[in-house]
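Order of writing sets the chain letters: A, B and C. Residues in each chain are counted from 1.
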């Protein structure tokens, strides 16, 4: 049984203007599926639908075989622990008025008592906080700082630590690197790659950066105007049978990569 | 022929230098890229040349534009220079447009300020400019919020090139766009540069954005130049480890799978 | 940079000085004078006396000790002002938070009511209401609460509406926090600063409102030693014994000034821009 399965998902905010049209795909355990598309193609809406922040117009979202789309907020709550996310803007995904420790430990405080952890040692809030900071390669000194005292990359690491703190089954990565500079982008990608292996995570990786998508994911979906226009394993990116839009993306990105002509 | 010659430029905030002793030349019609991470001082350099520094920052040194030191120009001369010879494209395209004025009104006001033209002629010029960046002339009557990020950045490029300047200073023009729109805007900018023959001072943090179009590259770290030279020599034989790190973070697409594997990244950009 | 710091420091000093003075005054009221004089003890033999050791501020037209009345007036005027403010905040803030967070019908309903109150100046609404309900300090308080809660509801709502769209609220939802907990844990911390600033500035306005309505006879009734009411009582003696008007007047000015200084100080302290710049 796949971890996540989307069947015929449709969504529109205004009648007659569909944002998502007939989205179908599955995501297996320990798999990373990448979704690439331009801004406005509906990929963030898709993320919000999977995270149960939006109601679907039609279709179903199965999590380990259980349909989530008809559940109320109270019934969804037990599943939220397994559906975590890292968002694009590290500046706004942490409450500026709260210390890092407080934001980081929010999921643990909410669910910590009920869950059993396999990779982290279940312990006090303080010991959990230290383990998480270690996992994302940050100094525990940062715990008593406020968000504005941290760099963008550090804040993004905190968001990642928060997302993995309860060892979720799926982490939806919604443009986690897009607002960072290239060197930080690469260190975050490396961290995500490492954590996936260490914690047996599955990722849904959403980005407009084909390079980052190609680096991290095994399967790639190409989205355009609310539809999935192309899907392939990452080895197949350069294949001839690719959709013209995919080929256009490849040519845009490949001509700009740094490599020797000779 | 040297269009702009920056000599020993230092920018200070109080006692702390943000940029120290930077020197470089921009030749006529050349594309010069300044690369650095956020906080490296690359934007401050661009602002200093454009005399757009925040009031608490002080610039020293020289920035000779056709032999005249921009840093010493009076307000009136500076305004004339900005209107005709030097223009800017900013990262924050939303901030570049007044939200309650139409796109057309921005063009109109700019033309009115710098030229004596009839109303019909101004409109004609603005619509031509919009078309030259691949936008419909109908955009003239639209408001900024009705346009996408890419469309707005195209409009600001059209606005910047309206007076056929000799030097365009582009401060991370693509950083706020998604990378697909960014590459499209970048290609447009390159085409227009070819067409008009203007020189380009292009500020970016992403080496991928300069590889195709730049002639010269300057790498800045912590306010100082760590490497400079023509594109091919910088990319083929990067001298400074920082430049190499930047290159490793921007491999070609076909090398992307190896991006995260191991520390030995030497072969990453040998396609 | 430097000048900004000095302004802040002088401002803080002023606030602390004022607080200190008022504290001393109220302590003094309780420990020495109340035992000495009854604020409503009428002694027509001692009316309109000048300053003396026995009566440091003299006596009024009915022979009551002025200092005792001024200090008790502090308790009355500032105490009622504070009470009205507290209730206005306690009603307004939750209303605003709920309206802002829930949106929809509740929001529209609450905000139209708020708009209706805002359409008239505070003083006019307060006069009309206490006129309708009848003179008396309780009715005046009710009127003040009715006109003031609106400000807090609007402030809380606008803050919540801005913050509600931020990613960290979404994250809190994803992390399983209920709506009430999100409001309590994530939204209230953003409100405290704004509310404190507005409230301390409002305290002065409310005290002025109580005093001015008492002066025209709609608030506290004689013989209550409310400053506005005292001013009213002293009117016939304005030319002969101006001290009777000067003392309550000075008291009002001091407290209102203190409230404004406190407001300015808090505004600087909670200035978001400054926080980022540091």
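Here is the rule we go by: contacts are C-beta pairs under 8 Å (C-beta built on N, C-alpha and C of every residue); 3 or more make two chains touch, one makes a residue touch a chain.
Source: prediction; values computed, not measured.
*Asks:* Name the most central chain, where centre means the mean of Cα atoms.
*Replies:* Chain closest to the assembly's C-alpha mean: A.
*Asks:* From the C-alpha centres, identify the chain that is farthest from chain C.
*Replies:* B
*Asks:* Out of every possible chain pairing, which has the most C-beta contacts?
*Replies:* Ranked by contacting C-beta pairs, first place goes to A-B.
*Asks:* Taking each chain's centre as the mean position of its Cα atoms, how many Å separate chain B from chain C?
*Replies:* 54
*Asks:* Give, as an integer number of Å, the spacing between the C-alpha centres of chain B and chain A.
*Replies:* A distance of 32 Å separates the two centres.
*Asks:* What's the distance between the Cα centroids of chain A and chain C, rounded to whole Å?
*Replies:* Centres of chain A and chain C (C-alpha means) sit 50 Å apart.
*Asks:* If you look only at chain A, which of its residues touch chain C in the complex?
*Replies:* 51, 53, 77, 80-81, 83-85, 87, 89, 92-95, 97-98, 103, 106-107, 110-111, 148, 159, 162
*Asks:* Quick one: in the complex, what on chain C touches chain A?
*Replies:* That would be residues 166-168, 170-177, 186, 189-190, 275-276 of chain C.
*Asks:* Which of the residues in chain A come into contact with chain B in the complex?
*Replies:* By the definition above, chain A touches chain B via 37-40, 152, 178, 181-186, 189-190, 193, 208-212, 214-216, 234, 237-238, 249-250, 252-260.
*Asks:* In the complex, go through chain B and note every residue touching chain A.
*Replies:* Within the complex, chain B contacts chain A at residues 37-38, 148-149, 177-181, 183-184, 186, 205-209, 211-212, 235-236, 245-257, 259-260, 269-271.
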